[in-house]
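The structures come next, written out as structure tokens.
Next come two complexes built around chain A: one with chain B, the other with chain C.
And then the complex of A and B:
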């Protein structure tokens, strides 16, 4: 997408020249965009500043006045009062198991749907696409009943399995589209040489789709890390809580301690933000490969 | 057939590859969906070993005797209409601007997209604090501009709470529409844009006659995804208001949850879920048919 065909090079240059000529429309646009962007980052600035202010400074200084003395003790206090070590560990364990496992299972299924002809392929594919659209928020109560009947409430598998189930449709959908685009000759040659589909999947298709897998991995990391509604229903015991649940409860208990509350927000949001800032490129490609053909 | 032979059969290999993912999907996603439909015709408190079949009693109860249901229904409709208008329009404007060659556009894109990756429950916690009537961001800003009279109890007043929640939702979701539109804009044929420019078409004419028609598939996708995600709005409402004050921000997804998991009337909760599911289907099914036709045309 980034490489422009050569016959566009001239136009490319022209566009650059026209922006050098300081097109007034573009300048106006730029000023408007920066203004909107400032509004968009303002909440982050406000949260970070507040998280570093002492209780006295929160009530006496303005919203965008930087803290004079950095009250890092807000972070350590929130960390221990909100039992964050525990919920952080739970979030890490659930995410680290769920994301690669779910993606691998999805890739297997997507390969079979794309490259092995079965009578039911079309029906299965429709079922999968349908799954990308159904809101799990509607099924929280029956999900609780189901997981409870397996005796898995307040366990890691009890939340990982539903997470995988609701991640499968989107991932299979994307990977299926990708696998289908890989030329038949590649797998047929290997089949004639006597390789079975497991080998072809592992040796040819997985390596080829690494960039897509990376995009899906990062996207899935963030949505698993952030998931709240299912965890709320399936993890009742405080010792099993994930970070979003811990933050919610912290807000309920210590909402008047603004510095610590905002420190808790920053700590919850930071891992996903760091992952996003590092892997920005993959996010966009992962999101758009499914929804819009690029 | 020996084991060795059977693993040579592509159908067996396909089965081995398909079963793990699809079995988990069937058990933990499809089965609860079927179960929610069955539950909606039953009376159950979640504990009793026996579920009692009650016909359509749950539906008549929510339609005729549950005033909150209609409030939640109305709020869901308002919310969906707002989600159909504001995030896509703002997202499109941002995408069109950021598609120009302007200084720092990658940084600007990152800023608008950042809220998308933050946990909705954290967004709720952030905005709850920003809406604080005493020390929150909005009250502080209005005070410093000498507009104290405009300060409201943003989340505590029945008339505006729903809109306050929506502003937080807008802040979070605009980046998503923007990214989809930016991707769609890459498919606008540049040769047509140039040709129109050479023919003397202004910016508006190019947008109206070239860009907009080329964006049509993207617009459909963004609108459908906006509807679906707006129907699912749960975390942000739960975190900001919990449906209050006086049910003024109650929505169908949250009310279904509350009925089942807090009032322990699983039957009624399921009936509300089925209503929401039907509304979702009314959007999804035509969309799926549209994409299939679309693919066939392209193939």
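And then the complex of A and C:
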């Protein structure tokens, strides 16, 4: 009998101890996370700081020292001297047309591959998967020849079409997997209710896969906005250049003016960041809510 | 006038034949239940009626019109699925009104019909909820509402209750039956649960391996099963079977292969010395006097209203249902008698019923 209370106390103590003691694995993970975050943020901090420094401050102060007086004139100077008005517009036109159009085409193709039974469905899907495996660098030379023979070098369609062609396969691949997971009864119920395939796609499937679409939209926007190699090959005329190309010429022209160069970089990166911030909450909430259930 | 007529319908998936020529006539307003073991082709047949699967051979008529080549939406049917298949991003009322909306109906008309269906099903307080905010039974009701709103010629149900718990299933069973009595629309209902079939149907179609075993009213099938399969499939606990022969038609006694002898009051024609299977339902077994068959009690399962007793006769296990309170113990020896007017005879070779 007398042993009971001591026993209790021991158990109690143990519980308290374990709540004080943190899981060492968790602590390790946190440290790793902070380290990785620092590595990723460091260049960004460097760029933003430098973009706001006068040429004198750039050479006299350390890279991670905040600017004392803010040199906003770097931005206006970079904008006008780097011909940003032009390349910004080109980037916007190409991205705003390519991203939604490509995503829409991918979603429709994925729906057809997932939900319409045809003899050639398997072969088509295989072709799409094959498309995701080809590195586009391999294709740059043939691509140039092809676009050139269509007379589309230095035109918007000349970039948008190849962009779509290289973007569609992996989007189809991802969306196809997602559509396959949607119970077939859902489309059958809609079929009985009198919906055609396009209505089923638009009214039933698109709303359900909104989170996935948001995720793909972010990824695609960022990668299209920052695309460099293909644009370099297909856009020879300076007036057709996109932002990443504009940035390249910048470096040669103003190699001594790091403030302006970094201001240009910030302006290039900013739109992609904004789009990410707008859509990321759909993306995250969708991932956690289990969109297909119910 | 036939509501639904299925004529020699066949179905193959590639080289695999799943339905081998099924004939069923379902009258206008009838509640027909397709029942059978898993994989027998019930869902496939229903999906062919709905137009979700191609028909490999034969004809399906709805209301006298051949529908083989019609789209699902043009067949004048509505279907309720096992997993409800509600549109998750729409509210209950949008789910129910979707078909009308697609058909181009005006808002007031849609609202009126959805309101009527909701009233029938007691869904009014839930109309603005999304499926994720509804319980299983409520979702099932919304799915039924979606079917009712379309006012179809035929309702198709594919195991609508199998995702619900036992109590709710009994409640929904009664609701669906009441709904049918109220709407008087033809229903084709698929289930593998023979109790559902017995309690709800006007007409039961027993399917087995893609073939029709028997069609009839629940009690017809229960009292006069056409073959051993139907006899064993309907009824719970299932019918008991004993094998043996009758040696003398004038004084019929079943001589079991194992040696026991069961006195009978009648014998089927031409049955002398022919291998027979005798079927006896668990509730048609009773305590017998001195002339009874020897049996050993094995397991006793009281359910409250009745007691299920597993007994062994010559090493063969039978189920016996006792309505009264009895004192029994495992391994106890008892004498049992069979209600001889209620035994069923089947030919062992053909498995078909032999009428006495």
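To be clear about the criterion, the second predicted complex is superposed on the first by the 234 of 294 C-alpha atoms of A that agree within 3 Å, B and C clash if a C-alpha of one lies under 4 Å from a C-alpha of the other, contacts with A are read in each partner's own complex, and residues count from 1 in each chain.
The working rule: a contact is a pair of C-beta atoms (placed from the backbone, for glycine too) under 8 Å apart; a residue touches a chain by one contact, two chains touch by 3 or more.
Nothing here was measured: the structure is a model prediction, and the numbers come from that model.
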**Q.** Greater chain A contact set [chain C / chain B]
**A.** B
Q: Answer with first, second, both or neither: which of chain B and chain C does A:142 touch in the superposed model?
A: first
Q) Looking at the overlay, does A:51 come into contact with chain B only (first), chain C only (second), both, or neither? A) neither
Q. Does chain B (first) or chain C (second) touch A:116, or do both, or does neither?
A. first
Q.
A:190 in the overlay: touching chain B, chain C, both, or neither? Say first, second, both or neither.
A. second
Q: Check the residue A:161 against both partner chains and state whether it touches chain B (first), chain C (second), both, or neither.
A: first
Q: Have a look at where A:224 lands relative to chain B and chain C in the superposition and call it first, second, both or neither.
A: neither
Q) Which holds for A:204: it touches chain B only (first), chain C only (second), both, or neither? A) second
(Q) Considering only the contact definition stated at the top, list the common interface residues of chain A for chain B and chain C. (A) 291-294
**Q.** Complex contacts: residues of chain B adjacent to chain A
**A.** 7-8, 10-11, 13-14, 16-18, 20-22, 24-25, 27-33, 35-36, 39, 46, 94, 97-98, 100-103, 108, 110-115, 117-122, 125-130, 135, 137, 140-141, 144, 171, 176, 179-180, 182-184, 186-187, 190, 194, 203, 217-218, 221, 225, 228, 231-232, 234-235, 238-239, 253, 256-257, 260-261, 266, 269-270, 273, 276-277, 280, 284, 287-288
**Q.** chain C partner contacts - residues on chain A that touch it in the complex
**A.** 183, 185-186, 188-195, 199, 203-204, 207-208, 291-294
Q: Give every residue of chain C touching chain A within the complex, in rising order.
A: 50-52, 71-73, 77-79, 81-83, 85-89, 98-99, 102-103, 130-132, 146, 150
Q | For the chain A and chain B complex, residues of the former touching the latter | A | 1, 8, 11, 15-16, 19, 25-26, 29-30, 32-34, 36-37, 40-44, 46-47, 50, 58-59, 62-63, 105-106, 108-109, 111-113, 116, 118, 124, 126-131, 133-147, 161-162, 164-166, 168-169, 172, 196-198, 201, 222, 225-226, 228-229, 232-233, 243-244, 247-248, 251, 255, 258, 261-262, 264-265, 268-269, 272-273, 275-277, 280, 283-284, 287-288, 291-294
